[in-house]
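You will see two complexes here that share subunit A, one where it goes with subunit B and one where it goes with subunit C.
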Partner chain A sequence: MAKRLLQGNEAVLLGAVKAGATYFAGYPISPSSEVLMAASVYAASHPELRFLQAEDEIASANAIIGASLAGAKSFTATSGPGFSLMQEAIGYAHKLGVPTVFVDVQRVGPATGMPTMPGQGDILQTRYGSSGDYTSIVFYPSTVAECYEYTIRAFNCAEESRSPVVLLSDAFLGHLNEVVDLDAIRVPVVERTLEPLASGHTRLFSGVATYPDGEPATADADEFIRQYEEAKARRLEVSERYAFHEYGWNKDADTLVIAFGITRRIAQPLAPHFALFRPIRIWPVLQDELREIAPRYRRIVVIEGSDGQYASVVERVLYRDVYRVPLLGGRMSLEAVREGLDRIGLLPAELAEAAV
Partner chain B sequence: MTEHAIVIDGVGGQGVRVIGNTMATLLGAMGYEVTLLYDYDSSVRGGMSEAFLKYADEPISNPVVEHANVTLRLADRGPNHLDSDYVVCDIGLVKPGERAEEIPFLELGVKHFGRDLFGNMIALGRLLRLSDVKFDQAALEAALPAKYREENIGAVRYGYDLDDTQIHQIVPEEAAGRFAGRYAEAVLSGVAMRDAIELAGQHPVA
Partner chain C sequence: MSYKDKVKTDLFPTIWCPGCGIGLIMTQLAMVMDDLGLDRTNTVMVTGIGCTGRMGAYMQFDSVYTLHGRTLPVAEAIATVRPELNVIVVSGDGDMTSIGGNHLLHAIRRNPRITVLCNNNEIYGLTGGQTGPTTPVGTKTVSSPAGATFSPVNLQGLVNTNGNAFYAKTTVYHQGQMRRAIKEAIEWPGFAFVDITSQCIENNGRRIGFPSANEMLNYYRKEYRQAPPGSTQLANHQLGIVKGRAAEPKAEPAGAGAGKGSGEA
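So, the complex of A and B:
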């Protein structure tokens, strides 16, 4: 296939197909709706992909869990408010160990917020949105080509970790068209090994704490902890093989910029003046990498489309304060980055002059 | 070549996406690296609709345009901080101090191709000329939808071939003012935007 102009949301669908997805369920919501639309169009001519537009996001989330248990690689796509509605089902999928993929194309929230404007305010929701303790694995690409690549990797990681995996995007990345050559992106596909339903023996899929034979274990702390630690260890071990990140720009600078998703793209003109750390695997947080790189820099600035969600994570991991440049209200622009850096006294003179 | 940045500024329903998609597809087919980003309000019609288009020989990092080489302004809804070396716009949309030209695209679409929607393709042609994009017929054909392909090609060519003398003949200042006046009068009396353009264009400007 030659190079072609492709939208980020469409690249997610093509990545899912490449990864072997055979089931999509979703409910339209800006700015993720093109994933649903593309899935619908694709399914019309490719019956191997089953498509369901469900009555809401709750049904969509539970449908992809059921489809996965039945043997299908499955996924859904939504945005912040829909992702909130899916949290109960996400917790259920973590409890059962269901491999499936949730795509969250972020917009400005909370609530309905600004439906078509880009935000990055779901960073913590992807980690702590459901109740109880669980180990989230979350990826956040920055280009249309990466939307394709990391959708495949998200499916692979879900199979290996036996857990729901989240692919983050945002309104700008989802609606961005770029010239891409998908054939040049070669990611081996991890095949499904879990036994599907109707395999000949009885199994119980319960959100309740149970013993392996299905009997309730609702008052057995030892059994709960055993199962929890086993799932956590598997997910952490698998996620170590997916520790994707970018470290570059001017590594000799005295300030490290941390940016991800579309924010990293917008901040590119800062390259001569700052070092860059871009986490692609957002969760589990890349603490080994951060702890190795951060001591080389006097200052750390986190530029993100939220009021310091990832910055607070970095501070916790590094035990030091970081500067914050929040890009709020959908103002994802170099001008907003410049204003933010100027406010904290870190705007390089050359960039200040360029803005005049 | 260095990055070339274009902004198409309009409102929902005006054809910002048609122009943006066609130009980006054409440039991609010509071998350029292209980014095309839509920034729009959630109102389906009447809300802000922007297309940020960049192309270059090398991959493009920041797809958001804050300084455009050329802006095509079909309505004035763009971000306040956006500036542009040159603006081509429909009648009555030039701002003080801008290097700009006015062309009644929709009216020309009606006059030369029978429908206002071909005005978008005339605007695309002018945008390609101002951006010095030397396209070939095959690449343009491939970038256009099959429906009305011949008319669309004709309209793009018409816009591309316009020269400054012709533009001044089409839009003498006084006539442009008359068109803008009729258009404003129609909109204020409750006529829909598209119908107002047609009404204003029923009295050819030159």
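So, the complex of A and C:
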């Protein structure tokens, strides 16, 4: 098919359809609403995609879990406060081991915040947002074409890991229009892995700790740890096959820039002066890759749309301090990147002159 | 086949307290399931949190033990993806009408073909007997020492905001009537809500003056009366079934006769 102009949020919907999604539930919220609207339009002419505009994000999140158990590949899309409301259900999906996909088009928070402005402040929420321990798998594309590609991969990874996978986007990327050729993006689709409800079994899909026969295991640490370790091992093993990242720009520079999502695009003019590491798989953190690459550089700068969320993770993994360029309040622009680098004394002279 | 084949009797005794009303609901549900030919290939159970939520674990079906209050979104999605299935929700009154209240409001509005059995014991039993959204005004509980302040939620009124919905009131004492209500609810081609008054002797009944579960059952026997035939509205302590206009069957359910709804109580 010919090239076409496509928006990031619409690319997510097309990626989901390509991956075999047959159930969407969501609640309108900027800047993710185009996914919901595109799903409703698509479902109107493709009844195999079931569509629910639910009463809230809590219902949406629980509905996609029910749909997945019933046999449908399912997904939702939300943002900021909506993603916060979904955290309980995300924990539930982890506990059950249900494959499904949550799309979070980030805006500036907390609370209602700046609904139409881009942010990257949900990095830690995608990892730790629900209560208890669980192993998150999260991807974050940087282009409209990647929104399509990584939505398919998110569905694939959800099936293989039997867990809810989060696809991060942001207000900038979600509303970005780019020319793409979707047919040039070929990702094999992983088929359903979970046997649907009413297949002749008597299984109990329980959020409560239970033994395999359904009896409560609510005070048995050994059983809890056995189930937890089994789920964790599966997710870590599967996510190894999804260790997507980009390492490039000027690898001989003495400073490594870490940027992801739309921030990596914004920072593109830095290319001659810095090396770049872009994690696409945000969680589990790309520990091995970071530990291999980081020692080659005197300095590391994390440019991100939050006050150091990913930077704190990098510091923990590398046991060393990193520089931070936080892009806050939706000010995600090259100008803001320049200002941030200037503040820490790392703005190259050529870029400083270009700004004048 | 016997109704006992619907229950995992090997897991007995259950965790429910002696004198609890939930087992009486499970028995009648199992009997109806046997009558209607519901089995593990055509039926799914969805249960909430609280003592009632344990029922799914004791029955011979695939069962989804949801988060607190979230039975209805899960059940509705299952019914959407698999319209041929019978989706039976079993949930307590607190789960269904308080924390899950918004979902109840909208499930009633959207009218999916699911059956809700609400174990209404007028208390938060599992957590120790706190006042709930269905606790009668004045009832002293561990969280309302001076008596419950607010009127109970009007379940019949809520359900009847959709003219196609099905509402039945019954109690665990009135076993025959409860069985008819459950049967007709499962056969109903849209949203069906069975409001089952039952006793929580350990965490409510004894504190409000009942020496044993038997006295609570006797109280239901004396206090509750069948509504006159043709009633379209049930008064307080009246038993009956109020059916809306029969909705168009959304799909032929396996093992149960759909589309039999009439406009009569």
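Assume the second predicted complex is superposed on the first by the 356 of 356 C-alpha atoms of A that agree within 3 Å, B and C clash if a C-alpha of one lies under 4 Å from a C-alpha of the other, contacts with A are read in each partner's own complex, and residues count from 1 in each chain.
Note that a contact is a pair of C-beta atoms (placed from the backbone, for glycine too) under 8 Å apart; a residue touches a chain by one contact, two chains touch by 3 or more.
Every value quoted in this text rests on a predicted model; they were computed, and no experiment measured them.
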Clash or fit, subunit B versus subunit C on superposed subunit A: fit
Comparison of subunit B and subunit C by subunit A residues contacted: C
Touched partner set for A:Arg324, first subunit B, second subunit C, both or neither: neither
Contacts of A:Val208 with subunit B and subunit C, given as first, second, both or neither: second
Partner chain in contact with A:Ser30 - subunit B first, subunit C second, else both or neither: first
Contacts of A:Gln268 with subunit B and subunit C, given as first, second, both or neither: first
Angle at subunit A between subunit B and subunit C, C-alpha centres, nearest 10 degrees: 110
Which superposed partner A:Ala67 touches (first subunit B, second subunit C, both, neither): second
First, second, both or neither for A:Arg162, with subunit B first and subunit C second: neither
Contacts of A:Glu88 with subunit B and subunit C, given as first, second, both or neither: second
CA minimum distance (subunit B, subunit C), superposed complexes, angstrom: 27
Touching residues on subunit C, where the partner in the complex is subunit A: 8, 11, 15, 40-44, 46, 49, 54, 56-67, 70, 72-78, 80-82, 85, 102-103, 105-106
Subunit B-facing residues of subunit A, complex: 3-5, 30, 114-116, 172, 175-179, 265-269, 332-335
For the subunit B and subunit A complex, residues of the former touching the latter: 21, 24-25, 28, 32-42, 60-64, 66, 79, 81
Partner subunit C, residues of subunit A touching it in the complex: 22-23, 25, 50, 52, 54-56, 58-60, 62-67, 69-72, 74, 88-89, 92, 196-208, 210, 213-216
